[in-house]
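We call the chains A, B, C, D, E and F, going by the order they appear; numbering starts again at 1 in every chain.
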Amino acid sequence: MTRIDGRAADELREVRITRKWLDHAEGSCLVEFGKTRVLVAASVEEGVPRWMKGQGKGWVTSEYEMLPRATHTRSGRESRKGKIGGRTHEISRLIGRALRAVIDYEALGENTIVIDCDVLQADGGTRTASITGAYVALADAIEHLRAKGALKGEPLKDSVAAISVGVVDGTPMLDLAYTEDSTADTDMNIVVAGNGDFIEVQGTAEGVPFDRDTLNILLDLGLKGCAELKDKQAAALAEPAAGK
Amino acid sequence: MTRIDGRAADELREVRITRKWLDHAEGSCLVEFGKTRVLVAASVEEGVPRWMKGQGKGWVTSEYEMLPRATHTRSGRESRKGKIGGRTHEISRLIGRALRAVIDYEALGENTIVIDCDVLQADGGTRTASITGAYVALADAIEHLRAKGALKGEPLKDSVAAISVGVVDGTPMLDLAYTEDSTADTDMNIVVAGNGDFIEVQGTAEGVPFDRDTLNILLDLGLKGCAELKDKQAAALAEPAAGK
Amino acid sequence: MTRIDGRAADELREVRITRKWLDHAEGSCLVEFGKTRVLVAASVEEGVPRWMKGQGKGWVTSEYEMLPRATHTRSGRESRKGKIGGRTHEISRLIGRALRAVIDYEALGENTIVIDCDVLQADGGTRTASITGAYVALADAIEHLRAKGALKGEPLKDSVAAISVGVVDGTPMLDLAYTEDSTADTDMNIVVAGNGDFIEVQGTAEGVPFDRDTLNILLDLGLKGCAELKDKQAAALAEPAAGK
Amino acid sequence: MTRIDGRAADELREVRITRKWLDHAEGSCLVEFGKTRVLVAASVEEGVPRWMKGQGKGWVTSEYEMLPRATHTRSGRESRKGKIGGRTHEISRLIGRALRAVIDYEALGENTIVIDCDVLQADGGTRTASITGAYVALADAIEHLRAKGALKGEPLKDSVAAISVGVVDGTPMLDLAYTEDSTADTDMNIVVAGNGDFIEVQGTAEGVPFDRDTLNILLDLGLKGCAELKDKQAAALAEPAAGK
Amino acid sequence: MTRIDGRAADELREVRITRKWLDHAEGSCLVEFGKTRVLVAASVEEGVPRWMKGQGKGWVTSEYEMLPRATHTRSGRESRKGKIGGRTHEISRLIGRALRAVIDYEALGENTIVIDCDVLQADGGTRTASITGAYVALADAIEHLRAKGALKGEPLKDSVAAISVGVVDGTPMLDLAYTEDSTADTDMNIVVAGNGDFIEVQGTAEGVPFDRDTLNILLDLGLKGCAELKDKQAAALAEPAAGK
Amino acid sequence: MTRIDGRAADELREVRITRKWLDHAEGSCLVEFGKTRVLVAASVEEGVPRWMKGQGKGWVTSEYEMLPRATHTRSGRESRKGKIGGRTHEISRLIGRALRAVIDYEALGENTIVIDCDVLQADGGTRTASITGAYVALADAIEHLRAKGALKGEPLKDSVAAISVGVVDGTPMLDLAYTEDSTADTDMNIVVAGNGDFIEVQGTAEGVPFDRDTLNILLDLGLKGCAELKDKQAAALAEPAAGK
């Protein structure tokens, strides 16, 4: 079976991570999974939210949003509607949880890092591209804090990457593009730490419920994809950042 | 190992489903998982949202919310804040997806069923109690449509139930109460169809990432719990409804 | 003349007050006037709003809201609309004023009690049932503060109850059910202290303006009803609370 | 006992009604009760709200708001806060109800009249001045519709006026100014039709509950005040309007 | 060429500035440019916004809004819509900038003056009338601060006035009325200091782009108009204020 | 005098216009004025807003927004605040007006083009870069409509470009970078049609008011800058678009 873009079922799209795409942000990258392009900015802010003050711990949070014409047809801006939609909320929360799972709050000290993931173009997998790129921007932001002597230890316990998997026309597939995702029977997003353990597994039956065997095949595919993304992240972080 | 309330690790809390708790709603129940109490109302509305008109299909959607003093300390009302929080959005969407997975839209005809899940008291598992009760209220609402001759077939393809599982102090457990949930390392919500297949699997590492074995143990526990809930649902639907 | 449910014109519906219906709230009850059911929770919060600080006085406030399917047909949630409607605002303010009229702020000390009245089912008289139940929940919340030694005296100066009266098809009636209320020419809500004095009188001509004699008859009916409610409240507070 | 501004207890402040203060509005006036100044505009709009269409009946509604510096110290604008406060809602609703009580919807035909009451300066009694002025603006707007031949009969069944009364330092008084109102024990707003019947009675115990005798004295005072206001309205409507 | 109201092309409408129209505000006026009427209130508030604290400097800001029936047909209230429109925002910001250009913040001390410009009736030029009247109210508010001994010097460096100019049917004109403004090809608002220098120039091609010569003619007209307004302002400030 | 980045006073920063940066949008570019980077997307939508229907004319509108970390320090998202700020509103309106000045609505037919300008990085001149890039994206969107045969003529009457000018430390300068803009005494944005006529002139005295000579020097500089931008636009549109 050949996929719409000629990939094998267990093959990632072309992944590009352009580090330090922004000049002002303490960490940033433009992450691309095929035509999906997300601009990630990591902002270091002194101090922590009020409810965390005085505990000597840091905080990492995230906000995700799509530009109105990221999609095939234009969507209205949430800022104009005056409220954030459920999908935006849900993905923002997912990204924040994924990153916090690899952070040692005490080592971070009372610093906050805000990760903004803005989807410039969407072709499926925007949340997984966001998490994958966010790790790179986060690592650079932490490096910035280290250079300033603002850390109390090593806050990054591990790396984190994420990928989507799903069953399309009966075939389990890795890294779904939009047209695949929109016809998938089962859709799963997997967030995996650098050591191969799970941080988040979110599987949804879009059509018919799925059985245990399907779940296992999808998990295998997802672990394979995240292992490859881990290498891409390491390569990006190893390069001297060229900026845009 | 004994749990805080004396249960075995694989034991549900006492589950009560009081059908037709409301007089006006086409379907309703008060569902209780221990101290967690959710009032579920299923409302039948003629017609479907504008974007679905003329396709001969129905629609099922859900809204979840907590009363301000459902929790140990009072929370402000989202209506006063002027916006819905991310958690409320996320759970509302989850309940809707869970129910739609067992619905045949064509058999439902151009009818909408709105499921309101309002948490009167929260002690962990409010989303899983909501889904479990929502199936019962949905079944009664569909019965109401059938009695009116408004259906085109049998819209309910299967039943649906949901339960939480997690790892607390190293022990995998079924149906976490609030104090267990708030200290769990891994937290998972599982939505299962009557035939035992998965509708949704959402596992999150709250502390350290979890491995594949842990995932499998949690899935086993969740399937056991949902099978028991399926029987409770059937028993509730078999009784002549006594109302409050 | 017989009323729709067989009552005499000056007869209350069956009134039930189930104390301590909630496990977490410092005071609570499920109050029922016939099919109207309101869940009342009294929450004790340390301190007072910023504008009252340092005066040594307490504060009592209230929020009222209806569940979407409390009514015969479903209403949209105010939290989703992003704003509170005029009716919700008005009733919330009325309940707060009614309770504050029997409170000695100095004796309460710098404590705040928030009374949440959530209408689970509506059949007329939701604001009067709310006030009547709120007194019971408030008394328990104050008892909680007393047990903690947090009071400076006796903050409850008297009890408070409320009832609706109106002219339906030319007949003055007590405690209108929804179908009566919606066809009433004159509609009045009366809030009365335990000593029989008025705390609030709100009469509205829905159809034709009403004369002084009618006003007096309605006031008589309302005073009779509130006297009976006062006994119900006392009985509820006298019982050892059984919880739900 | 002399009042702060030298009035007798049963004396109105100086009342001025300047008709047709605005050039564009179909009806308008600047109504003044002492230093309280409200600009009232009555706007005629063709048709009725969607939920009333096709019934051959008209609609009258009202919106009340205060300019930010109407008061002694500046208040923030509700438009900037993004929401209407409870007091604004409540008074808007009261004005609308008061006017609708004297309107024959069928005679009005399918026309809507919107009454805007904007408080330019506040010194107590803004809601009663609004209602009193609104009747004058409404009468002119109806005259405008009559001149166009857009009426089906005489929509104005009677006039309507409103006044505040209260007990200040133990003395029942008519038409409270701000400093009187803010120290009143009992505060009542009375809306009266031209024939002397009540349209709305809203009495509130601000300090201690009030008894039946006090209620009766206040009602007498209010009826006296409304009778005088009725004459002022008639005089204003009798004059050839001079505009500003 | 004769204008709609008989004016010459370079002639202002009748300008009236009624000082101290309000009793509570520290400075106020009703400013009229023909039928355009704006009520301006200057409110003195102790202290400055948080971001300016401790610098020993003051702040001047402004909010502009239109009453719903200021216009030929009624517009909905922004407070009901829950958001401020772009035009309201833009004009509020313009007025604030215009006033701040003639203020010496240090001499003002840590005081804030808020200028509210509420359009009671609109017939073109509401923003220029607002700025012109705002200067008068501001001068009185500063006088109030001076009388209290709250200033550190003379905060008013110069006066400020504003006028609209435009090209209507090929003719450059001063002070456009609404019907002129709505058909103008080019529309310009000019804010000028007492010394004749520009504070703001905002020219917009509504129809076809305009050339440098047209721009110069319009600037000449505007400077002429502002010089005349400066005299009107001085006259108003010279009079003993009569209030309304 | 040398500028911070070594430019001459009348020299533009490096301008880059990367056409068709997006795959889905009908027209798009990434426009850069030095470090300022704006992603512009032109979306073609069938039909026009309701208030324009049936007139046979088209519509062009624009929305501008900044990503939260476009700036030196992170700003909160307007979507989270639930409202658009004044600056965002003002710039969105300016861009729309600028483009509409060169559009023949009748030739456009009943089509709407929405121009989204999202600032990915801000270093001064974001509104002028937006307008300059928007013309290129608009031209491509119109080309798309032409290719579909959806036009009634040639809707583009001319090109449009924009640039900022200002007086910094006494020196008039072209195309201010952020550090220059934030210390400028006078700040002006000029929008110029391809034929050299003005579409919009917005000059503001940030410090002291400016005289007529300064105004003229700034206009000269702005016209020079816009003429150069016109060439850049033409060059971009002449190239076969390479996409990103």
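List of remarks:
Throughout what follows, a residue touches a chain if its C-beta (ideal position, glycine included) is under 8 Å from a C-beta of that chain, and two chains touch if they have at least 3 such contacts.
Which chain is which protein? Per UniProt: A, B, C, D, E, F = Ribonuclease PH.
Remember, predicted model here, so these are calculated numbers, not experimental data.
Shared contact partners of subunit A (Ribonuclease PH) and subunit C (Ribonuclease PH) are B.
When the contact pairs of B-C are set against those of D-E, A-B or E-F, over half line up by residue number only for D-E.
With respect to subunit B (Ribonuclease PH), maximal separation of chain centres occurs for E (centres as means of Cα atoms). Rounded to whole angstrom, the centroid-to-centroid distance between subunit A (Ribonuclease PH) and subunit F (Ribonuclease PH), based on C-alpha atoms, equals 32 Å. The distance from the centre of subunit C (Ribonuclease PH) to the centre of subunit D (Ribonuclease PH), each centre being the mean of the chain's C-alpha atoms, comes to 28 Å. Averaged C-alpha coordinates put the centre of subunit D (Ribonuclease PH) at 50 Å from the centre of subunit F (Ribonuclease PH). Between subunit B (Ribonuclease PH) and subunit E (Ribonuclease PH), the centres computed from C-alpha atoms are 59 Å apart. Counting partner chains per residue, subunit B (Ribonuclease PH) has residues 82-84 touching two or more of them. On the subunit C (Ribonuclease PH) side of its complex with subunit B (Ribonuclease PH), the touching residues are 22-25, 28, 35, 39, 41, 43, 45, 63, 65, 67-74, 77-80, 82-84, 88, 114, 116, 118, 120-121, 123.
Residues of subunit C (Ribonuclease PH) that touch subunit D (Ribonuclease PH) in their complex: 83-87, 89-90, 92-93, 97, 101, 158, 192-193, 195-205, 208-212, 215, 219.
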